[in-house]
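The following block contains the structure, expressed as structure tokens.
Residue numbering begins at 1 within each chain, and the chains themselves are lettered A, B, C and D in the order written.
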Amino acid sequence: MELHILLLFMIFAAIVAIEVKDLLSSVVGVGAVGFALCLAFLVLKAPDLAITQLVVEILCLIILIRATIKKDLPLVIAGRWVFNTIATVGFIAVFLFFAYVALKELPSFGNPTMRVVKMYLQEGLGKTGATNLVTSVILDFRAYDTLGEATVLFASVIGIMAVLRGKGRKKIEEREDDR
Amino acid sequence: MIDNPNTGMSLIVKTITRLTVGLILLFGIYIVLHGHLSPGGGFAGGVIIALSFIHLMLAFGKEAVASKISTRLASNLESIGALMFLGIALMGFFGGSFFLNILNKGLPFNLFSAGTIPLSNIAISLKVGIGLLAIFLALVILENVKKEK
Amino acid sequence: MTLYFLCLVLFCVGLYGVLRKRNLVKIIIGLGIIEYSMNLFFVLLGYRFHGRAPIDAQGQDILNMVDPLPQALVLTSIVIGLAVTALLISIAIKIYEKYGTFDITKIKRLKG
Amino acid sequence: MNITSIIPLFVIIPLFSAFFISLIGKFVKRGIVGGISAAACFLLLILSLCGLAALRSAAGGVLVYKVGGWVPPFGICMVLDGLSAFMLVTVNLIAFFVCIYSLSYMEKYTDKPKFFTLFFLMLTGMNGLIATGDLFNLYVFLEIASIASYALVAFGTEAEELEASFKYAIMGSIASSFIFIGIAFLYSYTSTLNMADMAGILSAKPDTWVISFVTVLFLMGFGLKAALVPFHAWLPDAHPAAPASISAMLSGVLIKALGVYAMIRILFNVIGMTSAYLTTLMFLGALSMLVAVILALSQWDLKRLLAYHSISQIGYVILGIGLGTPLGILGGLFHLFNHSVFKSLLFLNSGAIDYSADTRDLKEMSGLKEKMPVTAATNLVASMSIAGIPPFNGFFSKLIIIFACIQKGHMGYALAAVIGSILTLASFMKVQKYAFLGELKEKYKDIKEVPFFMKFAMVGLAVICIVGGLLLLPPLKFFLSDAVNVLLEGRNYAHIVLEAASK
């Protein structure tokens, strides 16, 4: 029952975050959605995710606030966007209808078919020695994913430093042709 | 921690930060080391470690941390962390397969127990922590450059 | 079943925000909401009634554990979301530096 | 360390060189960074060729590598079969030439080590995506390649490039979120993430709404990554803004590996192809073929024109594969290989013009032939083969696609293919006339030919354009026919992989 309340709160906070005028209060709205998500993870018995989501959420907020301090806001709302709204709302309606139809065939909420995962639960402790089975899945059964994961973060750091560096192109005269 | 009053936040924030930064860092290291026993792990612990440095930088102003770690040193440390993690993966080659957990598993429930999992946790936390610190330093340095222009 | 549907409604709120809004930061916020709803949807799929967190306690033999696989994958997806959001924010800051505004309609140097 | 242990090397080598270059980038002289990256690219090319050779001797035509020693449904397995060997050779061949080219092209940009780090990260993403046998792993490597390409599009930090990269990043993230939702649905329905295991379960289960909903999600997600027409809005902005060697990689291999390969692997081998999906693919292919080539006629910016042509040529590939007949798939895959070669060559030529004459506008250039003979010659070869003039490789693959359309009775699509080819020829005659023929403007009197590395890469690709037609002859035919057989196998890909993995 509390999941329903949390989800309704998240949807309400998301709508506020998107529709509100001031940038800083929309950043706070996203923060609210993130923290409600962290609570939802706790209710769904996922402590690992709650810690990571909480901490990543704080970092995201700091960077977002860094980007939105003292920045201007569009005052005039042009009406040219009517076609865009109809297309988006129509696409969302179709998407939700087919999603509703498809969701009925999935196993119902609360009893997942845990075919492959049974082996993780029974022999996880024996095979990997880690008591926290989520960590054993991350770092032993599917460690290759985590290697990709670390590379994603590495690519993002190098990409940010490449984008934020001062001068992108050298002027013609200072370009020396080696070999 | 040399404290010139005009940079960073008010005195109250500075004194509280001086008390809590150590605890946050310790908590982050705890999360990393006990990754395979209790919830948390390389990622969460690494981000907490990065947040403790960012917390320091927000409270005491940019020079406090920026003088110690430059973005280039941070990105080099990060590549070292990444190479460590790849090394642990390559170590598995000796045991026959790419990511094989070849160290002995030890007794469950005590600290040195899950073979290479604690080592990978430490390598990931080193990488994630310093990488996010490098992102924050790059964003902050950009601010100063804009001011001089 | 309604929880899955509410989660996809949250996904559509984020999608609406990304496709409809004209301010760069609002688009990034819409994308953040899409990331959150994706992660929540995957963990909801793995929940089990009266399940326990997938951590073995000393001495107790816990039988009904929640599915750990979606939790491991969502941990990866949260950090991917952070990486993409951080990259987008730094591009938005540089665009603000070059164009002086966050409004898409004024950043229309490219056509097509 | 038996033969299958070469498969993880496709990910380890680019990953290791990316980390290593970013570590030593600042301390060491510029030449060493170039040397390491050229050596790593060459090693990858050799590895993909001997992967192809190892595959011919493998039992059942499949090599399966169990990462971490876990048996497939429990751990992640890396699969090398006909289709992924074919894609690996294409990707690493183009990456090798682009790497040589950018040794001297990147002098125009600052901070060369960062460029090569991001280049190798994109290569890791593509190689990892092609060689993986696990659905969520495919999503992670898709993200690595995408994030690296977002940063590379914005590498020269000018105003247009930042805006193009922002639009590309937003569209790419929406596509990834559709793909992630599709994977979540599939995991809940089949409770496994291994592609082979999932294919087995899906063939047992009846065809329900979940499967068609997930297929539409994947079509939207991978269609957006492959820039099919309804989702192509980002490509004409992103490719011209990127540095030339990166736009060669983007439209040469990235939209193929991330978009086309991932879509056909999942649709053919995991979800199973029905005639409804085939007709949608054919319709999307024909639509993007015609719409993009008409839009390209009115372009004056050289790289924008080439970007529109990438969309239309991807339409050819999707039309070919969408036919579903062995001849159609052969034509589609052969055109995929040819298009990677001549499209990256065209972008490298536009980069050469940009490098020495520093302009991209066709109106300003004219008569560059005298000063840049090599670039003019390679551009002529590439324009001929994209337009489908007989001796070159583009002609053979377009011919096969048109024959396959006729053989299956779709006269409308065959006609559309012919019209598209004629319009392509018209617009490339325009490029040839404005850029290279005519008299040289005095503004460009003093421009000189491009350095050696750029010439070497362009001439190499031009030779492959000329020689490409031989791939259809019997000795080299296994290269394509193995890939076609993998697609025709459809869902007993599961049986083949699991049986090979259990050994």
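Going forward, contacts are C-beta pairs under 8 Å (C-beta built on N, C-alpha and C of every residue); 3 or more make two chains touch, one makes a residue touch a chain.
Note that the structure is predicted; figures quoted are calculated from it, not measured.
A centroid comparison over C-alpha atoms places D as the chain most distant from chain A.
For the pair chain B and chain C, the distance between C-alpha centroids works out to 23 Å.
Rounded to whole angstrom units, the spacing between the C-alpha centres of chain A and chain D is 28. Here the CA centre of chain A is 21 Å from the CA centre of chain B. Chain geometry summary: the mean Cα position of chain A and that of chain C are 2 Å apart.
Listed for chain D are residues 15, 19, 22, 67-68, 136, 140, 143, 147, 150-151, 154, 157-158, 162, 165, 188, 193, each touching two or more other chains.
Along chain A, residues 47-48, 52, 56, 59, 63, 66, 99, 104, 106, 112, 114, 116-117, 120, 125, 131-132, 134, 138, 140, 142-149, 151-156, 158-161, 163-164 each make contact with two or more other chains.
Residue numbers of chain C whose C-beta contacts span two or more other chains: 8, 15, 45, 53, 55-56, 69, 73, 75-76, 78-80, 83-84, 86-87, 90-94.
Under the stated contact rule, the graph of chain-to-chain touches is complete, every pair of chains being in contact. Contacts from chain B toward chain D in the complex involve residues 72, 75-76, 79-80, 82-83, 86, 90, 92-93, 95-101.
If you check the complex, the residues on chain B that touch chain C are 38-39, 41, 43, 108-109, 128, 135, 138-139, 142, 146. Within the complex, the chain D residues that touch chain A are 15, 18-19, 22, 30-31, 67-68, 70, 73-76, 104, 107-111, 114-115, 117-118, 121, 124-125, 128, 134, 136-137, 140-141, 143-144, 147-148, 150-152, 154-158, 161-162, 165, 185, 188-189, 191-194, 197, 208-210, 213-214, 216, 358, 451-453.
The touching residues of chain D, when paired with chain B in their complex, are 1, 5, 8, 12, 15-16, 19-20, 22-23, 26, 65-69.
On chain A, the positions that touch chain D within their shared complex are 98-99, 101-102, 104-107, 112-117, 119-120, 140-145, 147-149, 151-152, 154-156, 158-163, 165, 167-170, 172, 175-179.
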